[in-house]
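Each of the next two complexes has subunit A plus one more chain, namely subunit B in the first and subunit C in the second.
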Partner chain A sequence: MVAHAATRPHYGGTLRVESRAALPSLDPSQSIAPAEIALRDSVLSLIGDTLVALDANARPIPRLATRWQSDNGNKRWQFWIRPGVFLHNDASLTPAHVAQSLAAINPNWKVRANSDYIIFESELPLPELPVELSRPSYTILSRASGQLVGTGPFRIEDFQPARRLVLRANDDYWNGRPYLDAINVTLSVPLRDQALHLQLGQVDLIELAPDQVRRTSQDNRRVATSAPSELIAMVVPNGSSPAEDPRLRQAISLAIDRVAINNTLLQRQGEPTAALLPQWISGYAFLFPSNRDLDRARQLRAEVHSAQAPVTLAYDPADALARTIAERVAVNARDAGIAIQPVPAMTNNGAAAKLVRIPASSANSHAALASIASSLDGAELPRVLTAGTPENLYAAERALLDDFRIIPLAHVPESFALSPRIRNWTAPRYGGLPLHSVWLEAAQEAAK
Partner chain B sequence: MSLRTKLILLFTITIAVSVALVTWIATLRIRQAFNAADAQHTAALITQFRQEFARRGQEVTSSLSGIAEGEAVQRIALEALKPAPDYSTFVDEARALAESHQLDFLEIVAPDGTIISSAQWPARFGYKEEWLTQAAPDWSAQPAFLKREELPDGPALALVAVRPVRVAETTLFVTGGIRLDRQFLKSLVLPSGMRALLYTNTAPGFAALSLEDAKGPVTNAAKLAPLIQKVQVRPAEISSVVQWDATPAGSEAFQAIPLQGRNDELLGILLIGTSRRDLVEVQTRVRNIAFIVGGIGIFVGLLLSAWAASRVTRPVERLAAAATEVAAGKWNTQVEISGSDEIAQLADSFNQMTRELIEQRDRLVQSERVAAWRELARRLAHELKNPLFPLQITIENLVRSRDVGPEQFDEVFRESTTTLLAELSNLKAIIGRFSDFAKMPTPQLQFVNINEVVRRALKTYEAQLTGVPHPSPSGEGANRPAITAKLEFHDGIPEVLADPELLHRAVSNLILNAMDAMPNGGTLVLRTRQNDGSVRIEIADSGTGLTKEECARLFTPYYTTKQHGTGLGLAIVQSVVADHHGRIAVESEPDRGTTFRIDLPVRPETHHTGDARGASVQ
Partner chain C sequence: MRLCIGHRIRLFIIAIACGLSLASANADVWTAPASDLANKIAAKAGPGSAISIKFANRSSLSASESTKITAQIRSQLQGRGMRMVEPAQAVANISVTLSENEQNYLWIADIAQGSTSEVVMVPMSRSSPADQRGASALTLRRRLLLTSDDPILDVALQGDTAVVLTPSALTYYRAQNGNFQELLSMPIKHSRPFPRDVRGHITGLAGSAIEAWLPGVRCIHANPQQAVLECQDTDDPWPLSTPGVPIGVNAFFSPVRNFFSGAMTFHDEAPSAQARDHSHDLPPFYSMAVVEEEALPLWILAGVDGRTTFFGGKRGTQPTHVNLRGLGSDLASIVAPCGPQRLLLATRNTDFNQQDSVQPFHIVNRDVIAAGNAVDLPGPITALWTSSAASDSATAVSHNLNTGKYEAYSLSLVCNQ
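Our next item is the complex of A and B:
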């Protein structure tokens, strides 16, 4: 956490950001790789607003919706839209815009616009709908004339997927103009290059892998780290023939030395876990034992009588840490007599399993679990949205993990290295880029 | 097979064998030379491999020493001194150090054998390298050695070394090296036609993918499986030839050298392959040249041998033909002489021989003729002298009796005229016998039973054989001891085509001779029997016998061993036998009797024996 209370906020300046994400699309209605979600969520929070936000205690607070109410056993919800909000195309935000935006993201919802509010109707109760709507993926956006237009503090000036994104400050933002004039995001930059560019002063903000954090700190660089919120997991899709036997998947899970992965590969920056949500969000992650049990793993492996073909484990070839983790999983599995072959392929072409990184995107356990579940192909949370109690969340998470198609490994924080001129960095605990509140020190001041 | 054919064959075979022998020797020498060169190349390559191996080992050792003394490892060593060392920050050190020192393998190992950082398999941190701590020699003095290195994609063969890093009481280990693979093979300088293969012995049995050369995996590697399996069973240098395809040039000689680790475990096999293509091509070229030269040689040899053989054999053939003519009685045969070589000398000698034969024959004929005339004169003188002397005495008595009285004269006259008539008659008989010999009649052939002929001839002399005193057929003596005649006739003897009277006369002469040969009596055996296509008559006596010289001249006309014989008897017998195309032979020894054998053909025309007429003596 960085704060310079003695310095007066300064308007202006362009923040230069680099990311390894390619960001093929900003539209939340389009599916992208889990590793891309964190940056997209951050960008969405800059170009738009959700109806509801979460406070420091992860409780819903008004955003574009000024108030809401439910009836009929949480099957019918009404959200009153904030007046005087303008889209980046100078059009006034209407309930119709909101209803269209939400319907585009979730076609299953029945959303109707009224004069100054929208109505949700569902056959099932939706007790956590406000929390759900706080997720960045439900950012209200207008898709008029094929362009994404939001209400956020920044508007899109230029977007070239996998190359660059330029955001310009929205002077008419309903919640006050941001300090920055512009944000230039260079996409698809490897982590090593980002570190080099930061050293050369060519960039203000870069991403850090967990194994870079300690070294970067030792180099007296400014490092901003969230709580461990990003899930690193091995996912085995349905129909993966080499790992179709759940006992084999369980054996893999039991064979993995998560502590060693966290201590060495993640440089103790994360938390070893066998749960989807981190302990600090859910409070019950300890109920999912993450200890290594090699004897039990071998026993399970022995119960799988058929000769096992190597389980291919795909990882992001641009992510060196992912490769090392995949190789470590293979080494651990080998101890249990299971052959795992790491393969550098992000598209999961023919691979039996893949190594994924999924951001929590929210400090709220319901929203976070929903976010994680929605990021997993084929994973469903049938009861999460209908019952938001901790017991139900635990049951839902247990249901997701029971067949070992998702094998959590660790929760890691989102980490960034910042140039000295970045001020007022107030990132939420679950991560993300709080660039709407950041201001840049003037050049003379920075030189001091 | 003629001499010429034999000579041509001999020449051809000699040329072919010579060419084959030269080809074989040349091929053998070439093979030996190639084998020697291959052995030298292989030995040089093995030496080069070992030198390269040693050089790389020194490089590895040197690199590890540098790493061990470097700042990075020293920092790790300092961390190891802490009560609870945290090695997590060093997990990537090995990779960077390996890259900077161009090592394929590098591991930094904690004092308890735990991997702190691994370049070749970063994910293996925290695992133990027990071989480093279990058998702990003085690693600082250990040279580089071969080791099986575990990698994510399978085991590999590595040339590694270990260097300890001592800080205070603790000792870290830095172990690393280079991979022995196709890159290492590429660094070897190979002579043309040779290649080096490396088999990584990762598992029992043969694995084709573990075999590679400088270009990569070896195609059709299974052909090398037997050789590799032999080395796996008994790690030693072994040679073998591998036939890659059906052509002779498709073979390759391999020398397998086991590559063993510190504990003599077989970790790899170096295979030095030498293509036999050059050898086979040279051998094929030599063989083709030999075939061409041999073919030309045989062709030329055939021509030359035909020419030479004709030069040699033509005179010989002429000589052979001349000899055949001489054998046929044409003694005046002469051979054409050309040149002055041995064959010409032989031909000249042949001509000389035939000339001398003719001269000797002429001389012999002349001398025999003279001898015959002398013998005839002696016989005539002898035969004629006997009656002439009584004639002379009788006439002289008659002349002297004119002086005595008439009665006495008349008596003398009567006696004298009787004597004269008797002697004249005797003279006429002598002349008649000579006349008969001169006028032997032509045989009147008819089927004759030989047994009957012999029996009739014996019957003529039956009275003289009984032992009763009787005058001898020749008129000598009054009594003679008894002669026992034995007839041993073959009953089934076939009739022969012959003149019975002439045969009777011949057999009678022989019986008479036998009787004369037994003045003191004895046994006369007359025997007939059948031979193959002929019949035999044997007249054997137990008389005084004959010497060899007598036997040799026995059939000569006018020769006789008797006091008063004319010497014509056996000549007549021989003449009769010859006229019947038969043969007569005599077998005799002094005091053991004599046996005459007459063989007559059943059909005379089918058994023409020529004039040999065959008389033979045993």
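Our next item is the complex of A and C:
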């Protein structure tokens, strides 16, 4: 008999991860490209903690806050800070640290520290504030010494943007030392190189594009896939002259064949959508019809009398999938008499529109929409934060989409390929890297 | 004002022949949200209006539940004077969708009147009942003792009292009218953070005193009448004695990991025998159980390296290491009411993100042979302990994958005659 008995986690080992993200900054107070957010969120959850976490049903539960209460119509909140928690620089976590950390993320918030709690005051009612504070952007971090210092299960040992990130286990983590001793993340690695390195056994965890998932599974590699969560959308910023007329943007939206994009380019790994949140997160995404209506698109195009200059559509040149989607959007738009010109560009840099990929960041509908709203259109964020009911949240999402400056195309899952030695992979349904609880099997055990 | 407190424990006794059916319970459950939705529709379409209505189910609710709900909604609308007509004659055409998201079921009505359309929604909490299976030659039964948001490390039953150990507290509950009422809860004090996959064990002391062991910490509750739990850092070994086995065992547990180091002492507990202590160094292990081999105690260790170690029995103190197919790393022992022989209880070789089960085994020639059915638990098994008070039961704790809660079960064997 050669099987083995082991269900309890083993301690030790270094997990080797590769990512195409460059990760220019870990600080959530600094904005980064939407494509970088997923990895940064995962890293933030390793180096720090939020005040509130979400349970399996996406409902708020205590993390660094042990309890909370609101009054004055949800305009005043108190969060009691967990005692006995230490930052990675051995300083005891205080309410003052928490207040400073939150104020750095959102300078408009009024947060005051008291003896063992913080008070949060706002002019608008914030009925879902605990859910909002569960987002990784609100990870509690100290910036006192010019460096990011958290309370999380891993501390930063080395960080070189676009090159590498090394995390080391925090033996004194208040919620239990992680099983891994260390995590080495190599950054800016193209997907093709990642696949090769996994084959050679040089890495344990790599990213997969949707069109790689089936082939990787057929090669008998372990593939972990989230629910369709990441939004792929075309975004038309304000002041984008060729596409300033909302009828033209609506015509583009109606001309796009989202089903074909999903079936061919995404190899049915995603879901066509005209909503920001996927159906499984919001429950109401079906209220945003995503069917192609070419006749109506042509009609709207005809109403826009001016001769139309081509709408340049910027996409990330390192993202092969983005390029093919941008090209397909251009082909679809041409059918309605609209000229779209895909251009490779890291930023929209003068382009009339850009193709973006935004992770959901949460399984909670409020938190997920707040995350997308803050990535796309900060002006609508207060409306999301004040939405206390599903109807209000739906209204907030509709408001974000009403002028067709955001044209959702598809929700795609996050997919990873894993080496056989990775155990206890329990990724949230919305994706991310669940490295708090992962452990590594010894080489000879993994080979069996 | 809203208050959210994280540490909640709910205890309840589950009668084995529980007569409440889910279906009949749900009929009442759907009434309130159906009424809410009907109110919202009536407010938009106008009470007493002629409406057309169609339903779609986009949720995980079964077809039969969906039929009951749609009947409820129709009935509630009719109760508000609304008349169902063909779409052409309707003032409002209503599409009701039974949907869901991660938090809630979400019932959505899209109310179209002329060229305008309005949407109303009613959320309602989701719940998921557990099921139970059984049956074969020797039947292993599970009985749900309690659920908790916090990890349950061990439960000791003392008559009508349950003592529950979590990483943060030792709590006493007393059975009263079919429910457990909290009597006393005392915080566990410790100077270092507990490791991830924290483990703990309750043992009895002389009289009614209780001893709780956690990594690097020993707590004693000496007087049940007083809420005083004395906890201190310690490197003493955990007592792992089994009722009915004349040799006691103490094993050292790593204060910063989730396993026993392998350093153990064995002491003869038979009153007639001379007190003798033997120390042995065995491989690090996660759990230990004891059965008999030719009337001698045979200890079985689930090693950290994945192997199973046998110690004692007819081969004496020479340990033997084997790989036993499919056994997990949590072991306990239990005695069936129809036979004197002690059986091994073992989890399966699954990961902590998968549903697990416990199965009884005979040990024959240092191999395992299934002695009865496997009992499925609703998630990974995070604790399995031989009862320190009675040899005919064991305690298992499962982390329910659907609810996220920890559920403690008492396991016992039933003989099928």
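By definition in this document, the second predicted complex is superposed on the first by the 436 of 448 C-alpha atoms of A that agree within 3 Å, B and C clash if a C-alpha of one lies under 4 Å from a C-alpha of the other, contacts with A are read in each partner's own complex, and residues count from 1 in each chain.
We take it that contacts are C-beta pairs under 8 Å (C-beta built on N, C-alpha and C of every residue); 3 or more make two chains touch, one makes a residue touch a chain.
The structure presented is a predicted model; accordingly, all values stated were derived computationally and were not measured.
K.L.:
Superposed on subunit A, are subunit B and subunit C clashing or fitting side by side?
P.N.:
fit
K.L.:
Of the two partner chains, subunit B (first) and subunit C (second), which one does A:Phe288 touch, if any: first, second, both, or neither?
P.N.:
Neither partner.
K.L.:
Quick check for you: in the superposed arrangement, does A:Phe154 touch first (subunit B), second (subunit C), both or neither?
P.N.:
neither
K.L.:
Under the stated touch criterion, name the partner, subunit B or subunit C, that contacts more residues in subunit A.
P.N.:
When the residues of subunit A touched by each partner are counted, C comes out ahead.
K.L.:
Kindly classify A:Asn263 by the partners it touches after superposition: subunit B alone (first), subunit C alone (second), both, or neither?
P.N.:
After superposing on A, A:Asn263 lies in contact with subunit B but is clear of subunit C.
K.L.:
Could you state the shortest Cα distance, in Å, between subunit B and subunit C after the structures are superposed?
P.N.:
Least C-alpha distance: 26 Å.
K.L.:
Let me check the overlay on chain A: which residues of subunit A are in contact with subunit B and also with subunit C?
P.N.:
Of subunit A, no residue contacts subunit B in one complex and subunit C in the other.
K.L.:
Within the complex, which stretch of subunit A touches subunit C?
P.N.:
1-11, 55-62, 66-71, 130, 153, 171-179, 279-284, 286-287, 363-365, 389-391, 394, 423-426, 429, 436-437, 442, 445
K.L.:
Under the touch definition given earlier, write down the residues of subunit B that touch subunit A in their complex.
P.N.:
Per the touch definition, subunit B meets subunit A at residues 87-89, 91-92, 121-127, 152.
K.L.:
Along subunit C, where are the residues that touch subunit A in the complex?
P.N.:
By the definition above, subunit C touches subunit A via 1-6, 58, 97, 99-104, 106, 108, 110, 119-121, 123, 126, 149, 192-198, 256-259, 286, 302-308, 322-330, 347-353, 356, 380-381, 401-404.
K.L.:
For a test of understanding, state which residues of subunit A touch subunit B in their complex under the given definition.
P.N.:
211, 214-215, 257, 260, 263-265, 267-268, 324-325, 327-331, 342
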